[in-house]
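Per-chain residue numbering starts at 1, and chain names A, B, C and D are given in the order in which the chains are listed.
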Amino acid sequence: MRIRSIAKPAVLCAVVLSCLSPAYAADPIKIGAIFGVTGPAAYLGAPEDRTARMVVDGINKGGGILGRQVELIVKDSGASSEKAISFAKQLIEEENVVAIIGPTTSGESMAIKDVCEKAGIPLISCASAETIVDPVAKYVFKVPQKDNYIVEWLYRTMNKLGIAKIGVIASNTGFGNGGKAQLEKYASKYGITIAISEVYDSNATDLTALLAKVNAAGVQAVVNWSIEPAQSIVAKNMRQLKMTAQLFQSHGFANIKYVQAAGEAAEGIIFPCGRLIVAGELPDSNPQKKLLAKYNADYEALYNEEASTFGGHAYDALSILKAAIESAGSTDPDKIVRAIENLRNFSGTAGIFNFSPADHNGLLMDSIVMVTVKKGKFTLYRGN
Amino acid sequence: MAGLKRYLPVLACALCAFLAPPLLAATKTAYLLTQLTMSAYYALASLGLCALMGYAGQISLGQAGFFAIGGYASSFISKVDLSPFASGGFVKFLGFSGLLVRGADAYGKAVLSISPWVACLCAVLLAAGIAAFIGTPVLRLKGHYLAMATLGFGIIIERIVRGTQGLGGADGLSGVPPLPILPGLAVTGERAARAANFTIAWLVLALGLLALVNLVGSRAGRALRALRDGEEAAGATGIDTSRYKLNVFVIGAVYAAVAGVLLTHYNGSIGPGEANFAKSVRYVAIVAVGGMANLSGTLVAGLVLNFLSLRGVFGRFDDAVFGIILVLVMVFAPAGKERGLQVFRRRKGAGG
Amino acid sequence: MPLELILQYVFSGLVYGSIYAAVAIGFNIIYNATGIINFAQGEFAMLGGMTASTLAGLVPLWLAVTAAVALTAASGAAIERIFLRRVARAGVLKMIVATIGLSILIRETALLAWGESVRTLPFFSGNEVSSLSFLGAHFSPQVFWVAGSTALIMAGLTAFFKFTLMGKAMRGCSANRDGASICGIDPGRMVTIAFGMSAGIGALAGCVVAPLTQTHYAIGAELAIKGFTVAAFGGLGNSVAAVIAGLALGMLESFSTAFVPEAYKDVVTLCVLLALLFAKPTGLFGSRAASMKEY
Amino acid sequence: MSILEVSGLSRSFGGLRAVDGVGFDAEPNRVTAVIGPNGAGKTTLFNLIAGSLAPDSGRVVFDGSDITGLKPYRVARKGIARTFQAIRLSERMTALENVMLGRHVRSRAGFPSGMLAAPWTRGEERSIREEAMKAIELLGIADYRDRETGGLPFGIQRSVELARAIASEPRLLLLDEPASGLNIRETRALAGLIALIRARGITILVVEHDMSLVMDVSDEIVVLNFGRKIAQGNPRDIQANREVIDIYLGEEDA
């Protein structure tokens, strides 16, 4: 599946549509996508890839964008930045894509930030590093929530629970290091002291030694910031070490597989994330509810596995792009960028987006809720 | 292999350096230049490994480590901001000798940094130094131990670049400045300089091949080939086998470091992925499919395989393809003549 | 450092050590029989863990584990028969390269078969939260299964090589290939059995550790490197030394967490390995003869 | 004054004393042979002198300088060439290239000049080629010049190895059982070559158990048995020596 093109059905529709509709430019709108479908970030890239295909199929069945079918060209970068650069240039210069969504990891996004900026092609990244949109680059956006919002929600909850002394452990990935830096930056603002703060190898398979050291530091809570399976291992190791400290995870934990892997040790874990995984519990008045329920249902029907917030990033990137092209009425890059910057309370899986020329992430504190695990299921955390 | 026949591949490579850009522009496929330029640099690193594995018969599973040392050292040194030390003697000396560059970082703050040329030179020297330092003990080892030691070295480099915040951790370093060569000509990924950079890359590759073709035909080259076919016999003809192995090991490291430096400045960034074990395995696969002791074979294999991989032709089976190559090349490669002689020797039995 | 913390490090070192030792034993069996370092050894542990986790959903746990070990052993033997038989005797360089290619192939097939998601195996006794304590240190009961299985493997191997006919035949074959074939031992079959055995042992290690560390398609590479480190540490070919070296390395890794961030744990281990390889290439207990086998 | 002085040389492997306190001198441009039944320690002694084995004790002095335990390449640089019992040539290189290797100790172009094809190396390469051709013509194997040595007949391979040794213009040539694997005709030709080499003023030390060759070419014979020197003298004395006959009982007319 070199270029995962869905050209055949799309072209067929285009032909049918073109003879119906006026002589409108029948050629499809090409959108590039760079995901780490295999390799170290496969747990994020694979759901993103599957979601993107699902969303594009849906758009094309609904008549495409501006009457033109969408051709999604997905490249598997295996989370390596040199491949991301090569694919970005190929998508821009050869495939002449209208915009690029992804990449999966922060490292890749930073590598191609300049490439897209200089080429004047909109890039909507699915990675969360703050530096992607700070300093703001005209053509570069990102859909995952800001790390510091996640941190501030964590610290607010800790303040409510009277927790003041914590230990921080994070995987040595861009995601892990980014979170650890934000945790350390905002700790004093919320009166939290970090007794111990350390990085572990992203494919660590046993963390009992590290957690014993953390436990010896006499912490009331442990914050684990990672997207790897280590999240379930930390949970199990803490219970095996009979640690009484409360375990907080990052929004990387928002994938039911990690709960299943941690089994009973997952009970009571608290973590902030988007509303996707607790869509069912949302009041009907919540604008995101319908959208989240539909995404959950469609994804589960197609791939018989539960949707995760990572797949949600691809969903948001594509729907924002579609909304921008439609409101701009054209696929001209500058018009698309202005249209995105003018998007107000746009409902996505990660939250309600409010973009602006200065804020290319568009998500605020209210895009996040605190979630916990009860009887192996995610549920809204309503205080102690 | 006497005569000018062995210089044909060098000539072909140099010709491509100049002819390809206009040709590709004419056929509206100029966008291929990016991936062809990147493939040239990766092929350069494979050439270095071919000298070590093919001609000196020593295996290295750490070639990507040296590539990363080159790339990371050059980008780190050229990005470090010296303005806080502006008053220091050393910085004044650099300024005096015109080696300082004024610029602005992403936020527009004025930055004083060393000229990328100095950074590039330091990076290559650093790689050569590390290769010489670890090469001495490592090359006393044989077979599995040598493979394991070089594999261990590669992983240590990968863990260090991935774990160190100063080197960008898992995100790597980005915003690496271009490497100016002549006024108006620089190693950079700018779209305007695409054709020029292609020519630079393929000329560097041609020069790299030329140097090795000369070496193989020279006195030192003969000694290397003797070393590969039989270390003890080579020693008896007066060849200091450990120094020769070390020299080739350092040359291989320098080739990888130069490739790392140039590609990093071309891409404008480098990630820890450049140092991981899978990358080293790719270089080994390319040398193996190129025919072990076949410089032009390695060059062609390096260009083709990297080009296809960078274009995403293999899609999600990118790693699998290199795995299949390794197994097939080893299963169907001729067992090599030395096997024959060894069997003969065992039957004869040593007398006396 | 308080006693419980020290004890805690000891127990986690025990877990690391036993896993590495089991994989190292797998290396040694193949090395003894063939002189090959099988870089795909880590993948056998992965295959064991993954197969068991798939079967655990259908059949009782003990059956899933036994079936996984048997299946992986069979595939190990088959791999030797199909691939490595032809590559054998092609010289050290080609052998290493072939087994690296093989490990990539196995990993990619596993990705195709099981996808990228993480899987786990139910705990052999108790569950994720059950914990035993000893003098203030707490650990999961699974630790006994991990250490126990390695001890079982050691005992079984010693008995096999000492008392069974095939064991002696295999030792003969590894001592002198030509000599053994003169006495009617088919070296080819011995090699196939060696691969089968080491695949089975790797699979058992993979299954026993899966509840603690979970398993996914790419876990093999890490294990192979650590397993080889321990095998080289102890002295290639010497399985008793591999267990001692494994535990030593496990302790080193877990105690290094006290001084060095966990992300640099591997750097510490590998630096120790390199230092050892330079100082005494034949390993702690290795003999000159053992290392001369790399024909 | 003897060119090679070996004194008290001994080496043991585990319990076995392969060479036990052997001492002898070799006179310049004469052929000294070392003989003895299988397992007498001939090859071990040879390797101790050539440097591929380090002695436990004893000294080897060549032309006044002590070369005991020197690494093989340093021994070669002192002007000592050697051949191997089982021929070790680079099969994938031509006969000429193999012989050119012999010139390694007589030339000095290194890696940098090799890679840059420095102009001065062309002159050296030419002289290396010429000297090698001289040795090839001397050994009469000119028409095998450009053929890969892997495919050459055994006798020719032996000549290529000898040519390589000669090409390095050694002052001492060590031959390790050169007759092994050769038929009668080839052994007789070998004797001719050895005489030819000796005539060029090169001292030869040969380890051999082919009696016809030894008696034919050697000026001095050293006899080893169980690692110890039991006799030394010219061929006639050795043939008549009681002890030598005993250890060779019945070997006489092999």
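Here, a contact is a pair of C-beta atoms (placed from the backbone, for glycine too) under 8 Å apart; a residue touches a chain by one contact, two chains touch by 3 or more.
Bear in mind the structure is a predicted one, so any value in this text is a computation, not a measurement.
**Student:** Taking each chain's centre as the mean of its C-alpha atoms, give the chain farthest from chain D.
**Tutor:** Checked the centroid distances; the maximum from chain D is A.
**Student:** Go ahead and note the Å separation of the Cα centroids belonging to chain C and chain D.
**Tutor:** Result: the chain centres lie 49 Å from each other.
**Student:** Please report how many Å separate the Cα centroid of chain A from that of chain D, as a whole number.
**Tutor:** Using C-alpha averages as centres, the distance is 74 Å.
**Student:** How far is the middle of chain A from the middle of chain C, if each middle is the mean of its Cα atoms, in Å?
**Tutor:** Computed from C-alpha means, the inter-chain centre distance equals 37 Å.
**Student:** For chain B, which residues are shared contacts with two or more other chains?
**Tutor:** 159, 162-163, 319, 338
**Student:** For chain C, what residues touch not just one other chain but two or more?
**Tutor:** 261, 263, 266
**Student:** Write out all the pairs of touching chains, ordered by chain label.
**Tutor:** Chain pairs that touch: A-B, A-C, B-C, B-D.
**Student:** Mind listing the chain B positions that touch chain C in their complex?
**Tutor:** Chain B residues touching chain C: 53, 57, 59, 61, 134, 137-138, 140-145, 147-149, 151-153, 155-156, 159-160, 162-163, 277, 281, 284-285, 288, 317, 319-320, 322-331, 333, 335-336, 338-339.
**Student:** Could you pull out which chain C residues touch chain B in their complex?
**Tutor:** Going through chain C, the ones touching chain B are 37, 83, 86-87, 89-98, 100-105, 107-108, 221, 225, 228-229, 232, 236, 261, 263-264, 266-267, 270-271, 273-274, 277-278, 281, 291, 294.
**Student:** State the interface residues of chain B toward chain A in the complex, per the touch definition above.
**Tutor:** Going by the criterion above, the answer is residues 30-32, 34-35, 38, 106-107, 159, 162-163, 165, 168-172, 174-175, 189-191, 263, 267-274, 309-316, 318-319.
**Student:** Applying the document's contact rule, which stretches of chain A touch chain B when the two form their complex?
**Tutor:** 1-4, 37-39, 75-76, 78-83, 85-87, 89-90, 93-94, 105-108, 110-111, 113-115, 118-119, 129, 131, 135, 172-177, 199, 201-202
**Student:** In the complex formed with chain D, which residues of chain B make contact?
**Tutor:** Touching chain D from chain B are residues 211-212, 214-215, 218-223, 225-226, 228-230, 232-241, 247, 251, 293, 337-338, 340-341, 344-345, 348, 350-352.
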